Every structure is written in C-alpha cells, then in structure tokens.
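Chain IDs A, B and C follow the sequence of writing; residue 1 opens each chain.
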C-alpha cells in the first residue's frame, strides 16, 4: 500500500459522501425534520438506525447532515486557504518589516487555544452557518500561512523569479505568474489539511451546542444525543455510532488525500509521521521552538 | 609471528540491496605488525568502510558478515560471543570514525564524552574520569578552557582531535582510523596527521589508516594495502608501492596524483 | 560564564515580552468580542429570561453600573486594571464572582489535562521508543493509515462510546450527570469518587493523544539511532542498552518535548468536549454550561483562564528547551 493508494481511497470516499450530500432528498427515506416514528424507536427494517428523542428517522438525519458538515468544511477550507496563501505569499515575497509584522500576528494567533476562542466567538456572534465558517476560517489560516511562506522564501530565490524581476516585472506580476504556480502543490495539500481540520472543529462546536439551530450537522446530531441522553435506551448506540463514524470517515479521507498530496510536494520530506501536527483540529501550537532550531 | 598484532583472513561481508546481495568485502586478508601503521587505500565504494566496520563487528542489517577470522593478539574476534565484543571495543580495538563533524553527540560536552570512553572500561569514579578526560584532551591539543564545550562550538580540526582523544583514551592495542582527515582544510589535515604520528611514537600504537587519498596515506604509513571492489589487490611497503606499483589499479591511483602533490616519504623532511 | 547568562537573560526577556503580548491580545479579544457582537452589551450581561422585561430605567442603571457609557479607552483601561486585581465580573446565572467559579473548577481540569498529557507521554512515548529500539522506525503505510484513522475520531465521540460501554452496558461506572460531589467527610470516599469521575475522561484523552505521541517518539528515536555519533558510542564499547538510552533516547526526547508543548493547546481543547460528555466538573464543562445558559461573563472568564494556561505552558516549554538542548543556547550570537 502506498501513499498514492491512500490518496485514491480518500478521494473515492469523499466523492461518495459528496454524492450522498447532493442527492440527499433522493437517498433519505424520510424527511428528517418530520416525526416518522416512535421516540427512541429501536432499529428496524423501516428505520435502519432507529429514531431520536423526537421520533425523527436517524438515517435520514445522517444523510442530510452530510450537507452541512461537508459544506462548512469545504467553504471554510477555501476561506482559510485564500487567506493563508495571500498572507504567506506576500509575507514570504516582500520580506522585511511586512514579513515581520505578519508573522508576529501569525505567532500570536497560533499561541491561542483555538477551540475555546472559537466557542467564545460563536457564542457572541450568533449561531448560524456563516458565523461558523467565519469563526473557524479566520483562525485556521495561520498554520498554512506559515508553511506557504517558507516555501515562497525558497522559490523566490530561484532562477526564473530572479530573471523576471530583472526584466522589470512588478511585484504583483511576479507573485501571481511566477511564484504562485510553483507553490500550487503545497497549496493543494494545505487546502485538504484545512478541510480536515475545519470539519473536526465544526463537529466539536456543533457538539457543544453552537451549531446552526435550523440545520443539523453530524456534530449537532451528537449534541442532541448527548443532551437528550437516555442512556438506558437501547437505541442510543445507533444514535451515537453512525454520526461519529461519518465524521471520522470524512476527516480521514481528507487526511489520506493530504498525505498523498504532501508526498508529491516533496518526497524527501516524507517522514514517517504526517507533517501536520494534529489531525483533530483542536490545537493551538506555538511555533517558537521549531524556529529556535533553525 | 608474535610480531603480527592483527591477522585478518578471508573476511567477507555482504549487504542486501533491492538489486540482490552485494559483497562489499570479498575475502580480504591483511596483517598489521606491532607498532606499525598500515594504510588502506581505495576509492569510494571499494569497501574500505565496510571492512573497518566488519573488523569492529559493527555491521548491522541489511549487512551481514559472512565469515573469516580476525586474530587480535591471538584472539579471534569473530568467534567471540556478541555480548563480549563491547568489552573489546574502545579498549583493545578502537575506532576513529569518519566525519567527526557528526561523530560526536551534539548535546553532551566533549569532556563528558571522553570520560564516558574511560568509565566504560575502567572502574573509576566520575570525577576522576572527567579529570583524566580533560588530560587526554589536552594531550591532543585542546586547551583546558575549551574542554567543557559542546561539539558545535568547536572547529572541525578540534572535533577531530576530540575523537582521536576518545579513541586512544584507554591505550588500545590497535586503532583503526576511517578517513580521519577527509573534509578538513589542508593545513589542519597536516596537523592532524602529525598528531597521529606523534601518538604512534609516544604510545607505540599500531594503526590501520583508511583513506581514499593516497598521498596522505603514504605520508604516514609504513605499509600500504590497496583495495578495489571489495578485494585487497596489492600490499607492500609505502615506498615501493609508488616506484613499482604492481596491480593495474594501484598504477592508476599513483598516476592520478597531481605532480605538485607528490608524496614525500616519512624518512624525508616532515 | 557571564556571556552565556547575558544571552539567557536576553532570550528570557524577549520571550516574556512576546508572551505578554499574546496575553494582552487574549485580554483584548475578550474585551472586544462582546462589543462587536450584535445587539448591545446589555444583552450579554443580563440573564436571558429577563432581557425582554427590562425597563429603560433599569437599562440606564445597568449601563452606569458597568461603566458602559464611558469612552471605550476608559472602559478598556478599567477592564485591564480590573483583571489584574482578579475581577472578572459576575455570573449572570448565579450572581457569584466569576473568579470564584473558575477557581472551583480549575483543579479538576488541571488534574485531567496534566494527567492526560503525562500518561499519553509515558505510554505513547515509551511505546514509541521501545518500538524504535527494537525494530527501527520505518512505518508501513498501512500502519500509518490506521493511526490516521484513529486520530480522525472526534474525542467527544470516543468519550460517548466509552460511556455507553462502561456505564451503559458493563455498568462498571456510574453515570454522574449533574450530581454534585458527595459531601461525605471521609476523604477516602471523596478521593474514590474523584477517581471514578476521572477514569473515563482521562482514558478518552489518553487514547486520543497517545497514538500521535507514539509515532513521534518512534520516528524521533529511529532518526537519532541512524546518526553517526551512535556509531562512535558503540565503538567506545558501550552496550546496546547504554547507547540507546544514554545517547539515542536522550537526544530523541527533544522533539518529543516540543510535541508535548504543542499538546497543551490541543489537550485543553479536547478536555473541553470530553468534560462535557462525562459531566466532569472542570473548566471545559463550565464553558459548555455557560454557553447553554448564555452566561457570558463566565464564558469569557473561562476562556481567559484556559488561554492564559496554554500560553503559560508554552512559555514554560520555551524556557525549558535550551536547558535540554545546548545547541539552542547560543542562538542569536554567532
């Protein structure tokens, strides 16, 4: 089994989930917002995963929830990647005081514990999907920004960039037409990483009750499972197990994809450990020590 | 034959590679007399380092020693049980490893590292060992105020001296030096070689000096052995090897020496 | 050696300044967020049930009481000075000083987080070192994939599963819910209950983090053991064990310590959700409760405490590192 094979597995799994999200109305047996069974109904042929405390079919909930989970994950990753690339590109290219200020900012962000901060932000700014995307996206761009900046620093010294500058290319032109294409593989890998992280974060926030009250994501399903817990009901396991598996499956698919992409970025750097520090997205690391070793 | 400190017969070592097993050392014989320096010359890939590692029994998978005998003062090192070998290393048989830049542990001060070489084989307390270590370091030319430094704080030449001090700390019978001066500046090279010569004289050390650099080997060695593709192809006195190289490979090595670098023999001005 | 200690001082001062800046940012965020939020700050200072019934006079009164009509700069200043004196406001739900509530819960979280990091380090790190010493560090992609999958499981989900298994099916541990701690005088009973409450959350957090530390430890030691100085050590006559422990592990600890310092932030985040699942009476659970009950002062206070904790942990690790790795000590000189 190689990295590429992992990447393929990840990609295929993601496509399946995206498919399920898009075709949810067709695939789901019931409308998840309508009561269609007895509360806490055990799994049966009509309701393969049983029903929740209100009597809504869990399987349908699960399928529809993929829409929100995936949407938030991907849109947030887009936001974070755009921010991260912009900052990383500008910072690494211009260097000097601009770089100093930007990286200082990045350091500060990375020193704060992400999840607690996101909780505070989400609680104050209101619970809706847009806020969730903003709250997550405006924090997780920091790590990709650092990594992209590192690569920009080295690409900037390469022959064709120097040549372009010597021929009078403006900064903007150089950044867009010369540097950006060279860092695309890294950007792709980082996009996938941030998607992975943001899905996990969204799930955590939803689990804590900060999700969109009108549309449930997988994390939100688990919030209700926990809040309305009737532990002694047999159906509880079927309420809890599938959403978590879905989250894990999507997160790991992104992780596999990211692994395969990173391997292509630089096989030499391929250590025995995935380069991203944590895949669960709950971290706020301080990069100071890695700097200290340079 | 009590003249011969080391008698190596038929040592073979192979590595398992993706292309199949490769014999890096193929049936090598050599002798080292007491008090002599035997130079072993060969290009990269000739198997010199593998030979050195084999003699020390430091070959690890995917490498494997296939067979042979290595008689050090009459004791066959290859027949020893594995657990007994560490007692011989550093005490009877010492190594000056290749690339002293990374041969020292970067986070331990050099005096402690030399002291470790001492405490492994002698029953002395830590303080005594540290003191002795600092003396050894001074003997190789490291001033006392630098003895507590970390490897990255020292120059290449000083690091090499450290490693030499570590090797001779326990008065070993035989010292094997694997490319002891490659990568050093020319002047530093000369100094280190001089140090090695002096140590040999003052302590009566026997030595195997391995290098790809023929002039250097010739400067210091009594006899020279030439290695090619895992085999020992010629052995002779240092002086005669140049005047009358027998094997085609030796001829090639001699002819490859640029004129200005022509070796001077030990008995000439040093 | 005066030069070395001057460097150490400069380094300390630089780091302290940097971290003070970060704390200041955290404080400022705490100040700014309620004022940026939709609506007026009043909405966040009053229990949610009462918001609709407030009279204009009461509004005025609250505004005056909290100094909300003063200029922003003045508010900011009194906010900062208040914090330094330990004033974090009052809970809208319980009316008690926030600081008291935080200090009540803090020891629980400290024990959980500290215990989780220590255990994960010992178990995961130890196993990783053992594995590298025996077999070397090449991971087949299959094994790596398994780890990635385990790492992808949400911590709160793992907690819930453990709860179902241990409390639901096996009935080994009682479900605590929101029950207060027993007031029994006997300290043994108290300790026993604390331990009971601690087991599952601790287990969850350790499970979640240990795999990661295992990989790091293994890769770190394997990489050290392939270095040249290991050969030198062996050539000196050290036994395999002496080499692996005295040289290999000693050097491999450094990246592991970095990883653990990074862990502080992650584990705190994980603890937040895990405490919620198990109704463990720590700061994380407090955050959850305050979100549900819209008790904003408590939420802000808890965030601040967690943030300062993580920042302090990072600072500590930062300062500790040069003591272990001498290569870093002369940073900034030559």
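Just so it is clear, a contact is a pair of C-beta atoms (placed from the backbone, for glycine too) under 8 Å apart; a residue touches a chain by one contact, two chains touch by 3 or more.
Note that the structure is a prediction, hence the values are computed from the model and not measured.
J.: Of the pairs B-C and A-C, which shows more C-beta pairs in contact?
T.: By the number of C-beta pairs in contact, the winner is A-C.
J.: With centres defined by CA atoms only, which chain is the most remote from subunit C?
T.: Max centre-to-centre separation from subunit C belongs to B.
J.: Can you check how far apart subunit A and subunit B are, centre to centre, with Cα atoms defining each centre and the answer in Å?
T.: From the centre of subunit A to the centre of subunit B is 55 Å.
J.: Could you tell me the distance, in whole angstrom, between the mean C-alpha positions of subunit B and subunit C?
T.: That gives a centre separation of 52 Å.
J.: Where the CA atoms of subunit A average out and where those of subunit C average out, how many Å apart are those spots?
T.: Subunit A and subunit C have C-alpha centres separated by 21 Å.
J.: At least two other chains touched by the same residue of subunit A: list those residues.
T.: Residue numbers touching two or more other chains: none in subunit A.
J.: Among the residues of subunit C, which are close enough to touch at least two other chains?
T.: Correct list: 325, 327.
J.: Using the touch definition up top, name the residues of subunit A that touch subunit C in the complex.
T.: Per the touch definition, subunit A meets subunit C at residues 1-3, 5-6, 107-108, 111-117, 119-121, 123-126, 196, 200, 203-204, 207-210, 219, 222, 225-226, 231-232, 236-237, 240-241, 243-244, 247-249, 251-252, 255-256, 259, 271-274, 277-280, 282-286, 288-290, 292-293.
J.: Considering only the defined contacts, which subunit B positions touch subunit C in the complex?
T.: 56, 58, 86-91, 94-95, 97-99, 102-107, 109, 116-117, 120-121, 150, 152-153, 163, 166-167
J.: So in the complex, which bits of subunit C are touching subunit B?
T.: Those residues of subunit C that touch subunit B are 227-229, 231-239, 242, 246-247, 250-251, 254, 324-327, 330.
J.: Using the touch definition from the top, list the residues of subunit C that touch subunit A in their complex.
T.: Interface residues on the subunit C side: 15, 18-19, 21-22, 25-26, 29-30, 33-34, 36-38, 44, 137-142, 144-145, 148-149, 151-158, 160-161, 163-164, 167-168, 175, 208, 212, 215-216, 218-219, 222, 258-259, 261-263, 265-266, 268-270, 272-273, 276-277, 287-288, 291-292, 294, 296, 299-300, 302-303, 306-307, 310-311, 314, 317-318, 321-322, 325, 327-328, 331.
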